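Below you'll find the structures, each written out as C-alpha cells.
Note that chain A is present in both complexes that follow, paired respectively with chain B and with chain C.
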Partner chain A sequence: MPGGAREVAESCVDSLNMELVATYCKRLHPTKPDLAGRRIEAIGYQVGLQLAERYTRERPRFTDHLESIKFICKDFWAEVFKKQVDNLKTNHKGVFVLQDNRFRWLTRISVDALPTTGAQNESAVAANAARASQAAGQYLYFPCGLIRGALTNLGVPCAVSAEVTTLPACEFNILVLKRVE
Partner chain B sequence: MSSTACFVIVSRNDSPIYESEVGTAPKKDEAAHLHQFILHASLDIVQDVVWNTNNMFLKLVDKFNDLLVSVYVTAGHTRLMLLHDSRNEDGIKNFFQEVHELYIKMLLNPLYVPGSRITSPFFDTRVRALARKYL
Partner chain C sequence: MIVCVAVVGHNNNPLYLQSFSDDGNTLKFHYIVHCSLDVIEEKVSNSRRAGVNLNETFLGLLYPTEDFKVFGYISNTKVKFVMVTTDQDSRDADLRNFFRRLHAAYVDAASNPFHVPGKRITSAVFAEQVGNIVKSFGIPAPV
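Moving on, here comes the complex of A and B:
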C-alpha cells in the first residue's frame, strides 16, 4: 500500500501457516488429509485472487499466459516472499515448473532425523528425505492455492501442485488448463 | 452545467456487478434504459480493442449520437465502463483509477464473492462522490 504502509511481523505469517496446517490436518480432518489439503488450498485461492488484483493495479495488463507466469515469478513472489523464483522451466505446452531453492515459509521447518546406525546410512538418509517431503508438503497447500488464485484471476485457469525436494527448496508444478468449448 | 453519465462495472464472466447513473442532469426514465443498452452494446467493441493494447485505460471505444463510451479494464479483466457526453479525458482517467482502488478494497473483503453484485451503500456513495469530483 502506498505511503505510510503498515507492516506485519513475519513471524505472524509463519505462525498462521503452521496453525492453519495443524488445525485442518490434525484437528478438523485427521482421517482425510486430501480434504484438509483442498480446504487449505481453497483459502489460498481466495487470498491469491485478492493479492493479484492488488499487485497489478499500477502496471499494464498482460498479453499472454507467459507474461502472467513471469509476473508471478518476479513481482508476485517478490511481494509475498521477498525474493524471486530461482528457476522457471516450461515445455511450451502449458506446463510450467517454478523452483525456489529457499522457500521462505519452509526455512523454519526441520524434520527429526531417524537415529542412524553406521551400516544403514544411505537408506536412513533416503527415508529421512521422504519423511521430510511428506511432512513439509502439507505446508505447501496454501502457497499452491495462492498461485492458483492469482493466475486464475489473471486469466490463466490452471492446476497447481507442489513438492519438496530437499528442505528448504521446493518446486511448484503449474498445469494450464485448456478451456472446454 | 449538467452532464449525463452512466457507470457500469462488468465482471470477467460478463455479469454486471454495479450500475448507477452518476450524471448531474435531471433524471428521465427512458434515458436510463437507453444508457444501459448503449453500454451493453459496446461490450463487443471492448472485447476487440482489449487484445490490441496492454493499457488499462482504453479511452473512447464507442459513440452513439452525442454520447461517448470510455472503458477501463483491470488485469483481472473486469471492465469499468462510463457513458458520458463530456470530453474530459483526464478527469475520466482519474475517476476510473479511484474507482479501481475502491473495487480492490471491495475485493479484499473476505465476505464478498468475486463476480457478485456490489450492494454496499458505502460503495455507492463513494462512487457518486468521485463522479461529482472528477466528471
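Moving on, here comes the complex of A and C:
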C-alpha cells in the first residue's frame, strides 16, 4: 500500500451532511419531507452496506444478532463517530435502543431559544425541546440508513428510527425484522 | 497454478468469476464453483451446530476433484471467495494470504459508488488486482 492512510478533514463530513439535508429537504422536495427523508436514508443504506464490508474485514464471523449489534455499538460507531455508543438497551424480543449522549453530527446544531419570561417558563422550555427535535430529526435520516445498511449486510434485517431527546443526545431504535421462513 | 477465482454474493449470486487457464472452458469452472457453494453452506451450518465456535473466515479445502483442489473463504457479510487450483501442495499461509488480499481488493471494489450491490463487479481495476494477486501466489518469501 503506498504511503499512509489518506485522511479527510472532519469539517468536510459536517459540511457534506448539512448540504445533503439542505438539498433534499429544502431544494428538491420542500413539500414532501417524508420523501426527502426516505431518499437520504437510502443513500445512508448503501454507504452502510459498503462500510460494513470494510470494517468487518479482518474479524472472525459473528454468531448471532446480539454480536452484530454489539459490533455496531463499539467498533462501527468508533470508526464513524470516533466514540462508542453510551448505552444499549434491549427487550430481548428484537428491539434494541442505542443511546448516544453526544452524537457527533449533532454537536454543531443549535436552535434559537424562544424568549422565556417568568410565567411561561415551562411551556417555553417544552416548546424549545420540540423545535430542537424537529430540526435535528432531519439530520438523523442518514445515520439511520447507515445503521440499517450495516446491519442488513451482516445478516440482520431491521428497521431503524431515531429521535432527539435533548441536543446533542439522541436515541436510535432498532427493530429486528423476522425473516419469513 | 491457480486456474479460477470466483466471488459469490450472500444470496449465492455470482459477482465475479475469472479463469486463468488456457483452454477456456469457463463453463466447467462455473459448475465447480456452484457445487462448492453447497459445501460452504454445510461447513458454515455445521460449525454452528457442533457448538464449536469456529468463526473462522478461511474455510480451507472444500473438496478435491480429479484435477483440481477447491478452497473457500467466507467474509462476515456472507460474501464467499472460491479458488480453484491445480497445485497439489499449497502452503496454508500462502492460501490465507491470498484470500486476505482478495478480500481487500473486493472491499475496495465494493466501495465504488457506481457499483450496485448484488450486481456483477465490472471494475477493470479489480480485475487487474486479482490478476496481480494470482500471479504472485505461491512465490516463496525471500529467506
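Observations, loosely collected:
Following the convention adopted for this analysis, the second predicted complex is superposed on the first by the 178 of 181 C-alpha atoms of A that agree within 3 Å, B and C clash if a C-alpha of one lies under 4 Å from a C-alpha of the other, contacts with A are read in each partner's own complex, and residues count from 1 in each chain.
Quick note on the criterion: a contact is a pair of C-beta atoms (placed from the backbone, for glycine too) under 8 Å apart; a residue touches a chain by one contact, two chains touch by 3 or more.
These numbers were taken from a predicted model, which means no experiment stands behind them.
Of the two partner chains placed by the overlay, neither chain B nor chain C lies in contact with A:89.
Legend: residue contacts after superposition of the two complexes on their common chain; A:57 is shown touching both chain B and chain C.
Judged by the touch definition given at the top, the superposed model places A:49 against both chain B and chain C.
When the shared chain is aligned, no partner comes close enough to touch A:102: not chain B, not chain C.
Of the two partner chains, both chain B and chain C are touched by A:154.
After overlaying the two complexes on the shared chain, residue contacts for A:27 are found with neither chain B nor chain C.
In the superposition on chain A, A:74 makes contact with neither chain B nor chain C. Shared contact residues on chain A (touching chain B in one structure, chain C in the other): 46, 49-50, 52-54, 56-57, 59-63, 153-155. Looking at the complex, you find that chain B touches chain A at residues 12, 51, 54-56, 73-77, 100-101, 103-104, 107-108, 110, 114. Interface of chain A with chain B (complex): residues 46, 49-50, 52-54, 56-57, 59-63, 153-155. Contact residues on chain A toward chain C in their complex (touch as defined above): 46, 49-50, 52-54, 56-63, 153-155. Listed in rising order, the residues of chain C touching chain A in the complex are 10, 48, 53, 55-57, 74-79, 100, 103-104, 106-107, 110-111, 113, 117.
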